[in-house]
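Everything below concerns the one structure shown next.
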Amino acid sequence: MDPRVHGIRRMLSGIRRIWVVLSPKGGVGKTLVSVCTAIGLAREGRTVGLLDADVTNPTAHIPLGVDPRGVELREEEGVVPVRAKGVLFMSPVFFTEDRALPLRGWEISSILRELLAITNWGRLDCLVVDTPPGLADETLELLLLLPRKEAILVSTPSPMASTSARRMEEFLRDEGIPLLAHIENMSPRGIPYYPNLDAEIGHIEGTEFCRKVSEIIRSVQND
Amino acid sequence: MHEWALANAIVDALLAHAGEPREVKFLEIRLGKLQSVAPEDIEFWLRQLLEERGVKVGEVKFVQEEVVLRCRRCGHEWSLDPSEAPETVREYMHFVPEAVHAFYRCPRCGSHDYEVVRGRGVYIGKVVFR
Amino acid sequence: MDPRVHGIRRMLSGIRRIWVVLSPKGGVGKTLVSVCTAIGLAREGRTVGLLDADVTNPTAHIPLGVDPRGVELREEEGVVPVRAKGVLFMSPVFFTEDRALPLRGWEISSILRELLAITNWGRLDCLVVDTPPGLADETLELLLLLPRKEAILVSTPSPMASTSARRMEEFLRDEGIPLLAHIENMSPRGIPYYPNLDAEIGHIEGTEFCRKVSEIIRSVQND
Amino acid sequence: MHEWALANAIVDALLAHAGEPREVKFLEIRLGKLQSVAPEDIEFWLRQLLEERGVKVGEVKFVQEEVVLRCRRCGHEWSLDPSEAPETVREYMHFVPEAVHAFYRCPRCGSHDYEVVRGRGVYIGKVVFR
């Protein structure tokens, strides 16, 4: 009996919706979609949290503009997430001084359990969870632990990404996870390719990309 | 204090598994030293939270577990005392013991690929309900 | 005592060099670089193998032009890899009918051990290993199991990819793994961005991208 | 036959751990049923390969292990008999037992997230050298 599983239920009990941003293929835009989804909700006046669950290679702090070395975490009935661009943010990078964090599967599950068991999100309209590529411990453990979860699948038109997305769709259907949205990124049929996006990552909230993400999310969120 | 959250998890786990007991007669909590959790803090919150939920609390015993690490690369076993770590690193491991892999390497071969065999964090050793 | 660890030594004993293509960031081009490195070596007359070690989301068969449903594996002192575009190729996709393969950490290590213990590569000048993003079981287990390994690190100019690459470089240095090359992809300083590459993935061997990869590899391989 | 490779791995492991013994008096091999390995095939190669390396072989005993799977989602435990699987799927699992996760789901809750508790593949149970 791992007490953290019980602690997690308590710590997530004030959260209305949980959106897990997924794709087995890397580099399709999961992190940017996660960050912009959260920023968009915050701008509409929602209370929103963002968890970077890419534990061995967290990068969500970069577009959120959070320097991990400058963060001092506050303890209050758990650990209080950091506020950035209107979003309550928690990341494993706060505990590593931005070094490499090589972890084996059970350790990955364990660090996610610990983070979920100690982070005090308070009341949230929505928690957005950015995940790593692949279909391994991070994703499986999150799907096991998170209540009320809905998936946002991200892919691109590349044959490698679309094959990966098809596999994930089958998997989500088997697991009974509702698919809130399937976003085709870098594509005329979804979010266009913006050649200068990399240069704008520091102020992602001002980009056409970010507006486009918010627009898509608004159209599917039904509430 | 994030110890509040750790203690609350234990309380929720105990009560869920025992179906709302009236008394916890004896409780043994194991504290892996990697997490540097003070037994007094956990005990304070355990008593407070259990009593708030109408559960009497008898003896609470703490057992500190030494840290044992085993290298997957070369098989070497060693220990580590977080009280000798830099303040910041001790704090990271206090919140998230897995952070150890970012800061420590096998003293024999230098690898980061090792297992925390014992002494990671808080768990329930034994419990007797009435 | 896992007998596979011993079997692996035997099965890899005829391989002269082992190149592990790495990046904790996804979508930077690891798979295309792996495939083109292998194709380039084969064209120079080398005997070359390619292992897709992205076990929960293998995609190397796509640019190699191998339809996993058409493959019948031959057994001969192990399992014989499939020949495609001059390269001897082994992938977990041959055992899944291209379905999702969700695995926990220990299972990831185990499937890699099994594949390495049964694949009969014969004599190779070089084995190229394509890895998944992250810094978890696949990468750690490969670095544990593979002898004579050298790393090829792939990154892009994106701040997210360069942060990830910096972490991996520190890690490789700590682990004592020689870095054969750090390829900056989608960059004027390494391999340029080719806007139509996705459309050319079926005949990657004829692309400027592939020639460029071979050129870089040739310049660093020193033999 | 890929059983040649499986047997060779066992032989290499035995000889490495015993420092070139003259005789294997008794050897117990456990065969997880998920891998559908025929004991005769493994025994043939074990005897052949050990004798080629100048090692006498006494009794070789095989123990077949039933497959036990346990769901991480709902806790359900069940078994699976590969001889009832489609030919192709049996063959995939014969080469790579982990392929089970692509084809089978928990019969109670439908999840692919389950553990192979027992019956995965080939390993060494016991060995007596002379």
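Chains: A, B, C and D, in written order; residue numbering restarts at 1 for each.
Criterion: contacts are C-beta pairs under 8 Å (C-beta built on N, C-alpha and C of every residue); 3 or more make two chains touch, one makes a residue touch a chain.
Not measured: the values here are computed from a predicted model.
Chemist: Please indicate which chain is farthest from chain A, where distance is taken between mean Cα coordinates of the chains.
Modeler: Between chain A and every other chain, the largest centroid distance is to D.
Chemist: If you tally contacting C-beta pairs, which comes out ahead, C-D or A-D? Let me know.
Modeler: C-D
Chemist: Quick check: how many Å separate the C-alpha centres of chain C and chain D?
Modeler: Each chain's C-alpha centroid was found; their separation is 28 Å.
Chemist: How many angstrom lie between the CA centroids of chain B and chain C, rounded to a whole number?
Modeler: Chain centres of chain B and chain C, defined by C-alpha means, are spaced 40 Å apart.
Chemist: At which residue positions does chain B touch at least two other chains?
Modeler: In chain B, 112-113 touch at least two other chains.
Chemist: Could you pull out the residues of chain C that touch at least 2 other chains?
Modeler: Correct list: 99-104, 107, 140, 171.
Chemist: Are the chains arranged, by touching, as a line, ring, star, complete graph, or other?
Modeler: other
Chemist: What does chain C use to touch chain A in their complex?
Modeler: Counting only chain C, the residues touching chain A are 24-28, 31, 54, 56-57, 59, 62-63, 98-109, 132-137, 139-140, 156-160, 163-164, 167-168, 170-171, 198, 201-202.
Chemist: What part of chain D is in contact with chain C in the complex they form?
Modeler: 1-2, 4-6, 8-10, 12-13, 16-17, 88, 92-93, 95-99, 101-103, 112-113, 115-116, 120-124
Chemist: Which residues of chain D touch chain A once you look at their complex with the stated criterion?
Modeler: 72-73, 105, 110-113
Chemist: Which residues of chain A touch chain D in their complex?
Modeler: 140, 143-144, 171, 174-176
Chemist: Hey, which residues of chain A end up touching chain B in the complex?
Modeler: Residue positions touching the partner: 1-11, 73, 75-79, 92, 94-97, 99-104, 107, 110-111, 114-115, 117-118, 120.
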